């Protein structure tokens, strides 16, 4: 698989002297689905902002498709990395759902039929195709979040970053986001999420990166990260494995990070 | 008067903090100096001539006086702002009868500023991440006004209802006076000084208006 | 809600519930739709009622109506009766209502007055508004901070707290008005797991220590499993299921309506569907053995 993004010895210190990242070395590949977890202040947001240039490494470097991000404008990097912010109200300004979704794609130069197609596909993916003319603030908070996500999807970037996509969503909303993540991966796009929802991460992502105090302390598939031997490392950053994993361990079934893994193991016994 | 204000400022060791206030007066001071020095009507004691206009000593003297007034004014404002704890000021105003709503508007506006600045930063980041060009030509950047100002205004407006309800839920609209938690001590000496200064100011203005005493 | 009705040994009439909604319908001003369309609920003092339901079901509206803010503060049409300690919400004005029912919303920051330099003064905001004596105010503030175990936050700047801490300060400032009923609309939805646990534990402590009747709307059904005595599933403005927490959260209709059941329930159900044996007791035991929140480890926002 092609390396889509590389962080080489990346460190970041804020102007006031606080260190947010230290010695991060990662490679993100095409079509990979990665979940980044960790306490607030562990550096998750700082890390993903290195990818689209909102923050620049104070040590080391970041490359996208082999090209160093240094000196490239954020607006230009947005062609490669789309970042859906946690709070949709920090970006919504348009009078209709459709224009809001079209904004990002339009900035990237899409016009006419190509733009309409991308917008329509994005609206359908989040289930807002029936609200294309609605004013965004007539939608509730959870649907505004889906709207913000749609506007990033319409940009059709090879890398998509989702910051806490499931907070405030009901079960249907979470399922929809899981479907979106799945289909992005299928079309060869790289999906990265920051999330507190361990179950969401364990079920929909193939790689989990655990952060603490600006460093990566665990990096591997859910079956490795949520294994019993790492329970201490997780606990040290006040995280715990999803129930399926904890149950599987208690029942002596090995590491079963997802519901289906647990049930498969039980059925096989 | 400038001398008095400067003396007080230096005594309170506020020299450095005064700088932004002084800088704010710079455009005005420059224009005062230029206009008065070169264009003072009827003056004939020239210093130098630049084409159709000439600098005069009278004009320069007038310019310096006007500048001194402006700077004294700015420094007085600076003194007030830098030496007054806004919370104490608001508490005291409310204690003396200014309505709770007015106090709330002023107080929350001041405290909300850092949050608003932070929010503005987040909005800029979010829109840049959607390809908004904030580094190109002026024309391009002008197109960013609505996507940048929009979320700010809209989110502030959409929060109004919830903020209002939260206030109601804490009995903000109860009638009567709010309890003052920490009344400010008002010593007789301070009160005497306040009234004394006020009367002195009235007398000075009166003298100046009646032509008896040129105010520096 | 059988456990809400306590039969008094001396006289047989059940005590007045702290909160009662009887045949309630509500529509916002300027609209024709009934967002609440026939709601009957009651909560006794010291009891916790959890409200679950899909988005746009009317849960937030239910909170506003239960706390008396609708229609008193925001207008709209109300049919049926909403009684706080036996008194109708139609008769009171907002500041009287504030002393009968407190409300907490999702966003920690919009609820802080943004006029207080310290948490102490923030919590004093409500009692000050009522013009209470300074001693009384001090007493209330100390009790409120103590009930939520945030005495250490007293001198801090309310605008520089983490989300979880800010929510607790907002909660304390509502509790300082000593309302017998407390309504919370998704209080943890914008908080991280540490903040969620902080608030969950604080609520449990509050219900136990005072006789406050608590109504809490949550998506995180696992939180309600520990906290709530009873639950109600609300959809399309109506109460669809109502009963003991364990029963409601295990009800199939929860999933049908798009509500995420607690992980334990979800796993048990999935196992049953698969025809695989899974010991319920073990599931519950593992689910219950969760990390406790340590308030000292919740880092403030830099």
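As written, the chains take the letters A, B and C, and residue 1 is the first residue of each chain.
Note that a contact is a pair of C-beta atoms (placed from the backbone, for glycine too) under 8 Å apart; a residue touches a chain by one contact, two chains touch by 3 or more.
Source: prediction; values computed, not measured.
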item: From subunit C, the most remote chain by mean C-alpha position; value: B
item: Winner on C-beta contact pairs when B-C is weighed against A-B; value: B-C
item: Centre distance in Å when subunit A and subunit C are each reduced to the mean of their C-alpha atoms; value: 31
item: Subunit A and subunit B: spacing of chain centres that average the CA atoms, whole Å; value: 45
item: Residues of subunit C whose C-beta touches two or more other chains; value: none
item: Subunit A residues touching subunit B - in the complex, by the definition given at the top; value: 49, 52, 54, 73-75, 78-79, 81-83, 85, 87, 89-94, 103-104, 107-108, 137, 151-152, 155
item: Residues of subunit B that touch subunit C when the two form their complex; value: 87, 90, 100, 103-104, 107-108, 111-112, 114-115, 159, 161-179, 181
item: Complex interface listing, subunit A residues touching subunit C; value: 14, 18, 39-41, 140-143, 167-174, 196, 199, 235, 238-240, 242-244, 246-247, 250-251, 259, 262-263, 266-267
item: Parts of subunit B lying in touch with subunit A, wherever the complex brings them together; value: 119, 122-123, 125-135, 146-147, 149-151, 154-155, 158
item: Contact set on subunit C toward subunit B in their complex; value: 64, 67, 69, 73-74, 93-95, 97-99, 102-103, 105, 107, 109-111, 113-115, 117, 121, 124-134, 137, 159, 170, 173-174, 177
